[in-house]
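Okay, so chain A shows up in both of these, paired with chain B first and chain C after.
Take a look at the complex of A and B:
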């Protein structure tokens, strides 16, 4: 690349490295403490109600898995389309992505300890008495579930380690950076296919099969939309925090805020599009085996939550993010990012918890769906968040905050919207 | 990588969008405007057969109006035959243009500038073709205005709950906005044509439609604002049209039609087929008009990649449909999909899968993405496959419905075939007229993405490249 600019391009070293002793470098320890405290507290406050614990754990797990998978999505798509603008924030997505091996570890308890509490179809006796579950047992059974989860975990670990190692391996070495850029672009295309299939089936297995009678071809796309929203929020939030604490100034600019905000806006519309389509088609056709899934989500206590989902996922962020100035301002962008992450938690809660409430309602005398949010929910979220943050900040402190060897890093730093 | 070294822009280090040494702005104007001003006789080789096909269409429609829809092969379970298949096929093709102009514009894909004009024109013509089919399928096309909610003394209103009515609104909105978008983009180039015109008629005609464009900064400022607003408005429209078309099927309870992934799946399919048609049309145009340095191999390669991506998305949707049909444990769903694979119309299903899912996989290979011959052949395969997709969806789900006593085999008649083939005549005739009288490439936009348009460009200083 020839430089028609007057000054040679140099990345300011103090802006792209977090020195030891910074608060950021202490976060891995704090995160682990939070993780242990949160998860221990959640177990303690569930008072031996293993259902309450595992449902809360699954909500928290799916929230942070969405960020990690969103990071993987972000990274491979930037390589695939040879994006220039995003390179200055790509390392943040890479650090979110490299938490996938940690998320795999956090997923093991679900598979080996929680699965029987979470997934009704694992109960062999219940399957025998249920015609539909009996019909589905060639897919919904413990052995094939284990094998499938193993495959997803391998794919996620493999892809995240590959792209992370390639990118960090060429830091400060532009020649290696060019080779790595070519190689990552080459592998990005098959990676997209692996990503799409593993995310889809993981969403089927971990979330859709909570209610094993229900099915929707859109469901994989639904979880994907949430994970795309999560990563763009997460990157925005992290960049703003790093700016506040004196990093990445002059490297990540208002122009990057603007583009991150555009993607938040775009995926807000995308989420609404597919979520509404899924709801609308099921509502319109009104086939009992499909509508019942929405039926108990709009029953009793859960109706306000469903309204919150519709309003909070679409109307609030859509109208808020519409204006150009909002996307270019650190404070308003942070508001949007925090809100969207909060709505991701609400969304995962809305996908998971009504199933448990529905079981309780069926067993109770009055069949009323009770929405119950207790300390176990907060503590489980805090615990998984702690572990995720530990992994993320450990990666953040380990390497430069931007991929310094990337051949297009200058293009990214100097990029302007027009 | 060195095997396919493209020319690189000396400022950005990215691919040069207009190739050739020392190509000036004027050269671009000449390259695009000259074939319109001094037409080649080869144009007639394309135009005459197109008009003959158009004749086939007009005869088919005349006979249809005389006899009624009974001349088509429609029967009791399959009341939606080729008319709906062709409608969805043409609407799908009409997605690429506005996607290129609007969505790729929002994503700052500068390479779109050399293909957007022709693709948008194609979009408009494809939507015109699409609108023929539901119009004549009504049986009494002189009442086609009935779906419009017009106040009337009988107080009769269209059924607002019907996705077919939403189609009327969605397609007409899309057509209007696409036409506006295309026209706004044309204004600066029409002014160029006006300024170059040598005859009073041309000067008047181009002058009338160029709305007094003088190319002042103020004009460009307004133009770019309008372009951005239209791009923002068109983007949801690109998605909404095929989403509503998919609702025609998916809002029902019919196995094979009722599935929640239909909206994005239809949109992906529409972009897939639209890009294939853009390739089918632009490959001859760029060769005959000698535009290879403006619509470069790199442009073709990008289109091939989009075809690969959207074709694979369509494959994903097929896979989801099958998986859920099996996973759901619903015997009717399973039957519908077994019937697709091995039933009476198994051949249609396998043509669809081969053309839509397997044929784009060749585009994994760079050599094939950059070969004009391969691109042309594969684009035809995709066109065929996407027609068959609509055929499979419409006919296989209908011909064996819930009541076995009403099952029947549907076959088209010669009039079904002549109407479809004839609609290509309508399409190609319009496209021939477009390339004859209007600039096929957006001259003004292409100039803006050339290296020499970059304010940092210093004459012919070439730096080192990646």
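Take a look at the complex of A and C:
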């Protein structure tokens, strides 16, 4: 029962366009400099230890790939369910999504340069002497890996460019907006299937195959849960920053904060549910080839990290985000979003680095798992972050901050939680 | 011969024709400082709670307390039965295998939360209620059909038969009547 309905709806132009000369428009250059500096620095500080570099790079890559894929997920799902509330923040997800072609470029070095350092199963001689890897050879071999990665990269580029072009193409044109809305809703259904399959198998290939003896059918969902948490954190954070610098005021409101917070809370529970299910079944069945994956993650230096993961992924965000007021307040929502993004980094580190530490432990005399966090880890993260931010802010400045042609943009701006 | 029953007044009942009318009337009654009053509509009118000046419900706190109680009880019960009262080795695992107890802990947390939500809601609404004075009004029956009502109770400290009636008249009520208790 708002009185605003009596007035005609106009989007304030100064709130939805970032003018040239703004700090936001300089970010692509700054991002690229950070990217070059970070990645160069990471290579330099790894002192020729190619394992250290590629493992650090993979952690950083999977963190930002999760945000980009999360953006694609957000866009597809909002079309699929014909959501009204989210249209005012959809462009931010679209801009995160359109970094996927950039993430594909960042993925090429992993495939063509780092794969032999990262993936034990690429070592043909080692596979010959390993009964289990020999049995998995039809899936885990270099040729089919290359083909699969090519397919994922094509699917991600195709889907992100399609939804981005459709949405930005109808900016300021309500006629085209109606046609685009119908077309995007139609294609969202096949797209969500392609997205689910490509993300699941990419998580298998890029992360799970680091330890090729181990397997979990839950693993794709695990990466997806982190991806969904990442994008809702990322959108919240971007909106808060844009509000602070004077954009989107009165367009994205407390009501949108509230819904983003609800999704953060919901996916916190979802993550816990599938992460615990993965652990629980393996713990219960107690089969050596499965338990060892958790075994070396709770050994020595890595036990505190595993506790941090359980506490930081579930207990802290769950109890913090329970109250309504926390989700509706920019400051507390920012705290939650920053914490969840930080935990996504911890989570990716927890998935990737123990594999390398395990190799080192097996080769060492005392077999102790050591946790090494050095400059190479921070610089690799900074480097990939820089490239991602460059792509994202370039897209942010290029078009309006909301899909102005969407037939239901007014509904989204005026929506309220009851 | 029985004594004539002494009649008490429940309060004043004002009838409105539209959701918009009752919404703005609620804002005026709220601003006039009344506390013991309620509105009755045939369907949920969004934001009517704000127009009435109602604060947030305490129900979430009841649900939270119940959920925590349920989860704690479930963990303690499983700990006591499996590790103290009748210790038995299952699959070579420790007596207190908290991992195995998590599903039940979760389920009981949810169950108690649901109990807290349903019975807490009934309790806060003082339901079930076998008698309500407003049903003494013939016109009030249409609150489930197409009419909107505001009822200000006589026990409200600001209640005054004359002044309250004047206030309700100013809010544009289509009809005002005094209801017996």
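Miscellaneous remarks
By our rule, the second predicted complex is superposed on the first by the 414 of 418 C-alpha atoms of A that agree within 3 Å, B and C clash if a C-alpha of one lies under 4 Å from a C-alpha of the other, contacts with A are read in each partner's own complex, and residues count from 1 in each chain.
Definition applied: contacts are C-beta pairs under 8 Å (C-beta built on N, C-alpha and C of every residue); 3 or more make two chains touch, one makes a residue touch a chain.
The structure presented is a predicted model; accordingly, all values stated were derived computationally and were not measured.
Contacts of A:284 after superposition on the shared chain: both chain B and chain C are touched. In the superposed model, A:218 lies in contact with chain B only, and not with chain C. For chain A, the partner that touches more of its residues is B, with chain B and chain C as the two candidates.
Shared-chain residue A:144: touches no atom of chain B or chain C.
Applying the stated contact rule after C-alpha superposition, one finds that A:416 touches chain C and leaves chain B untouched. Within the superposed three-chain model, A:364 lies out of touch with both chain B and chain C [touch as defined at top].
Contact with neither chain B nor chain C is seen for A:245 once the two complexes are overlaid on the shared chain.
In the overlay built on the shared chain, the residue A:196 is in contact with chain B alone; chain C does not reach it.
Contacts of A:173 after superposition on the shared chain: neither chain B nor chain C is touched. Once chain A of one complex is fitted onto chain A of the other, the partner contacts of A:135 are limited to chain B, with no touch recorded for chain C. When both complexes are aligned on chain A by C-alpha atoms, chain A residues 1-2, 280, 284 touch chain B in the first and chain C in the second. Listing the residues of chain A that touch chain B in their complex gives 1-5, 82, 84, 132, 135-136, 139, 178, 182, 189, 193, 196-197, 200, 204, 215-221, 269, 273-274, 277-278, 280-282, 284-285, 287, 289, 407-408, 411. In the complex of the two chains, the chain B residues touching chain A come out as 1, 10-14, 236, 239, 243, 247, 250-253, 258-264, 312, 316-317, 320-321, 323-324, 326-330, 364, 456-458, 461-466. Listing the residues of chain C that touch chain A in their complex gives 19-20, 23, 45-48, 51, 56, 60, 64, 91-92, 99-100, 102-103. Residues 1-2, 276, 279-280, 283-284, 286, 322-324, 416, 418 of chain A touch chain C in their complex.
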